[in-house]
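For reference, the structure discussed in these notes is given below.
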Amino acid sequence: MRMAVTTSFENSGLSEVLLPAIAAETDLDVELVVVGTGQALRLGEAGDVDAVLVHARTAEEAFVAAGHAPHRREIMYNDFVLVGPADDPAGLAEATSATEALARIAAAEVPFVSRGDDSGTHKAELALWEATGLPPEGEWYRPVGAGMGAALNTAVGMGAYVLSDRASWLAFGNTEGMALLFQGDPALFNQYAYLPVDPGKNDDIAGDAAARLEDWLVSERAQSLIDGYRVSGEQLFTFNATR
Amino acid sequence: MVAALPLTLRGATLRRRGRRLVGPVDLTLGPCGVTVAIGPNGSGKTSLLRMMHGLQRVAEGAVDWSLPEAEARQRQAYVFQHPIALRRSVLANLAYPLRLRGVTRAGARAKAEEIAARFDLTAQLGQSAPSLSGGEMQRLALARALITMPEVLFADEPCAALDGAATREIEGHLTAAAASGTRLVMATHDMGQARRIADEVVFLLHGRIHESGPAARFFAGPSTPEAAAFLRGDIVE
Amino acid sequence: MVAALPLTLRGATLRRRGRRLVGPVDLTLGPCGVTVAIGPNGSGKTSLLRMMHGLQRVAEGAVDWSLPEAEARQRQAYVFQHPIALRRSVLANLAYPLRLRGVTRAGARAKAEEIAARFDLTAQLGQSAPSLSGGEMQRLALARALITMPEVLFADEPCAALDGAATREIEGHLTAAAASGTRLVMATHDMGQARRIADEVVFLLHGRIHESGPAARFFAGPSTPEAAAFLRGDIVE
Amino acid sequence: MGDLLAGLGEALRLIVTLDAELIEITLRSLRVTLTALVIACVIGLPLGGWLAVRRFRLRRAVIATLNALIGLPPVVVGLVVYLLLSRSGPFGVLNLLFTPTAMIIAQVVIITPLVASIAHQAMRDLWSEYHDLLISMNATRGQRILTLLVDGRRALLTAALAGFGRAIGEVGAIMIVGGNIDGATRVLTTAIALETGRGQFALAVGLGLILIGLALVVSWASHWVLRTERQGTW
Amino acid sequence: MGDLLAGLGEALRLIVTLDAELIEITLRSLRVTLTALVIACVIGLPLGGWLAVRRFRLRRAVIATLNALIGLPPVVVGLVVYLLLSRSGPFGVLNLLFTPTAMIIAQVVIITPLVASIAHQAMRDLWSEYHDLLISMNATRGQRILTLLVDGRRALLTAALAGFGRAIGEVGAIMIVGGNIDGATRVLTTAIALETGRGQFALAVGLGLILIGLALVVSWASHWVLRTERQGTW
């Protein structure tokens, strides 16, 4: 079976832990198609993949409402973090909330890289800006229209701040001169959900396999793997599926 | 076998970018004999031969063979003023026209070797054709044209690069071909050669046929002063 | 002005893929006169001229000018057996060697027009050179070679495609050039021409100089049977 | 700079340890690209020859169009092939999406105009040399094209190598139609893109060096096989 | 199929409304690509000519290498240029990263081998025709190359157009070094990649059609200007 996932999931490296376990325990051969959030949902809509794993709640709900998936199953979450130049010109380290952190960036007019691609991360970022009440506009605000990895690379190259999911940041190799500067606000919560594609779309959709994968993903075995996944000693994802 | 000849040209005219290169030409080419086109440089000998052969489309008038054009073309061969060699060996060049006609590789090879011997090219068979000397190249071009035993052979100054002995030998091949039924249409600057082998002469001047007729009569006494001047080797205006 | 001549060949040999095309040749070319290379097809006339001009590197022996090679080359010109035309107009072809030497566009143009008039190419000046007729092309090649007034001119069968009148006219140009100091080295198949203009004859056979000497003596009575046979137009083995 | 050196080290490490995954994706890269190249040559070389020997009214426009199609943006080609092969698309029943076949299709679309353009350009000169002779010998159109292809084979090498290079280095289209699925459609370029996205530059550069090495080997080998640049003219 | 038609509609809409952003990124695409092409031609055409006229021991190897470099994977080129231009890299002080200049640099690296290879191939034939004459006339090496470039200009058009096509459709490298920054470095191809990632396939196809249209206009115009395919040989 094929599952479309977002780049942040693939970049985190979690898939390399889960896939072998899935193969061993359910004899499902899961192939990951790694694309942007919008593209992932379009692949599901066209029936080209059997399931979708993304993190963009509004879009997911619309997907279910349009009948492309029978339901949406929350699996796990991680969180977003604000990353920026290690010398922290905007003083994020002193911020007490995510909105305050962004407000500091806007006030200092230091470069900020935005995904700008309508992905889950991008939507979360826009929601945060809205909460600050400040319009993210100006020379310092750089929407790069690219995936998480490319946006991180751009931010590193520019010495800019960027909102990243924790997983992508921790797994990221090119961290030169950059540091994690703000984290922990509940507003930065990032929920991943599993959407099995409606098997009625065409005959080739492996609805049965998608259901079995869903069962595995919410199993205790999956929970221990997800919660136990560490990069540089840090836990990346937290399992929160309801059984 | 129906013959491709006679060939009839009626008011045939060749133009290039507005300029009239040849014509209008009216001419009938009967079934046998040797026709030699003569005339000063740039008078249109090459253009006339190319037009007859169908390499150049006429702007006005008509060039008619007795057979449909494709069939007639199949029975002709042409030796160019600047020989064109395929970038292959001499052997492959000789075999090429036969291969085009579907002759087997072995059959074509045998025939090519046979004709190479007749044209004194055996030593060069394996050599790359573009590296031949001027005279060898011209012999190759002639041999390649004759290998299909064409009904009509156009030859544009086929002996210009040949030494005395080779010229006479090639003339021998040409007259032998003519005797065995190949209609020969040839352009030459060598008046001695024209005298030796022509049955019929076409004297061109400024793209038109200025005088034509049986060779014997023409060389004995051309009827126009220009032709007379040309035969004397004087400049013709 | 120091002269590029005399040219000395000592044991000069040309090879291609193991085969000896020419040589070993020992020859000295003095400062004036007309040397004509004759010999059957494939005897190595073209190869000898190319070797002297430096177009082909010798495998053994030496080709020595009295000046360093680059300077000597600057004073030579070569007319190829198959004329090579730049894909430009006749005017641009004529002006090209002057432009290479840094002559201004206007200056080169004026000279080109002047020489075109002498070689009867004025009507063709704007025409694309590759579309010239065989004889016109050969006149172009000669004119282009003479436009720089070279000290040495190599000409490989420069009249093969020319009609009788043009041949005599070109011979006139060549002897005029020779008279005004251009050293002429020429290959030809036309024994009449060789007799008319040669001061010195080099008779080649199988890539070697079989006989050479003053033209008058050679044509009056060659000392080898092969040369005699060649002059009679017989096949030379 | 450090990353570049590290990339070199990475490339060496992957090669000397004969990394199993590296071998797998390298072989897949080669298989996809060579298959696409063969198809593109089978279409493009005769097409180039045909355009060289055939005179028709729209010829110039066709050649100019072919030249322009070299610029087909890979992402768009990928997208269009995706839409056609998608299960909801017209060829969905073939179930080709996210398979090497789909990648081959996309690559064929991308490189055929390049191969045909270069081939046409190479054979146009040869045709102007052969034109009179082949017309005079009454060669059929097919025979003319075949003769040009055979006698111009060394010039066509550039066309084939350009097509190979374009295909082996391509990533935009095959990413979309292949999906970069580990073990199924991952090839060198998509792996490089993945590692770049992960910020693993040394690994990405290392894979890139291996890819360039592959292109060098293929180019040298084909030049050697065709014995180019040896003899003067042919 | 619906998406393809919608893409056509989208393209028409963008064009007839003279969408300001479309015009901006289209002009930027053209500026970046044409600048890169000019630089690549200034390097590649004489290099191709030089390889045609010069005989030296490693010539074959150099030509084969040049042919292989056509296959430089754009992502790797982008990465290396990124590493060189990044603030911690050797040319960091120039502050060129994420500017159109960086994109031009990457494109020059990508298309120069293609331009030089095709140019070499085109001029090799012409050189074998002119060889004897130019040697005999004692033309300097520069004059030889210049003559080949001038007399072979129509054949070189294919080289230039291939380079243009490759550059205008390229996305992998310029995405990395340009960053696809809205209003600064976004060009047609990066916009297409963005819309594809967003699942806005119609818009992506629409932009793609505009890009292809651009390539067609450039190709037709240059064929028309050089009056190719008009006269027989030249």
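For reference, chains read A, B, C, D and E in written order, and residue numbers begin at 1 within each chain.
Convention: contacts are C-beta pairs under 8 Å (C-beta built on N, C-alpha and C of every residue); 3 or more make two chains touch, one makes a residue touch a chain.
Note that the coordinates shown come from a computational prediction; the quantities given were computed from them, not determined experimentally.
Here the chain-to-chain distance from chain B to chain E, counted in touching steps, is 2. Any chain bridging chain A and chain E, meaning touching each of them, is among D; the list is complete.
Chains D-E form the pair with the most C-beta pairs in contact.
Taking each chain's centre as the mean of its C-alpha atoms, chain A lies 81 Å from chain B.
Averaging C-alpha coordinates per chain places the centre of chain C 47 Å away from that of chain E.
Remark: chain D and chain E have CA centroids separated by 17 Å (rounded to whole angstrom). Among the residues of chain D, those touching two or more other chains are numbered 89, 196, 201, 232-233.
Annotation for chain C: residues 131 touch two or more other chains. Counting partners per residue, chain A has 35, 147, 150, 153, 156 as the residues that reach two or more other chains.
Contact between chains, per the stated criterion, is found for A-D, A-E, B-C, B-D, C-E, D-E.
Considering their complex, residues 129-130, 132-133, 135-140, 143, 147, 151, 231-234 of chain D touch chain B.
Those residues of chain B that touch chain D in the shared complex are 50, 53-55, 70, 73-74, 76-78, 80, 84, 86-88, 96-97, 100, 128, 130-131.
By the touch rule above, chain D contacts chain E in their complex via residues 1, 3-4, 59-61, 63-65, 67-76, 78-80, 83-84, 89-90, 113-114, 117-118, 120-122, 124-126, 128, 155, 157-158, 161-162, 164-166, 168-169, 171-172, 176, 188-189, 192-193, 196, 201, 204-205, 207-209, 211-212, 215-216, 218-220, 222-223, 228-229, 232-233. For chain A in complex with chain E, the residues that touch the partner chain are 35-42, 116-119, 142-147, 150, 153-154, 156-159, 176-177. Chain A meets chain D in the complex at residues 2, 7, 10-11, 19, 31-35, 46-48, 147-150, 152-153, 156, 171-175, 201-202, 204-205.
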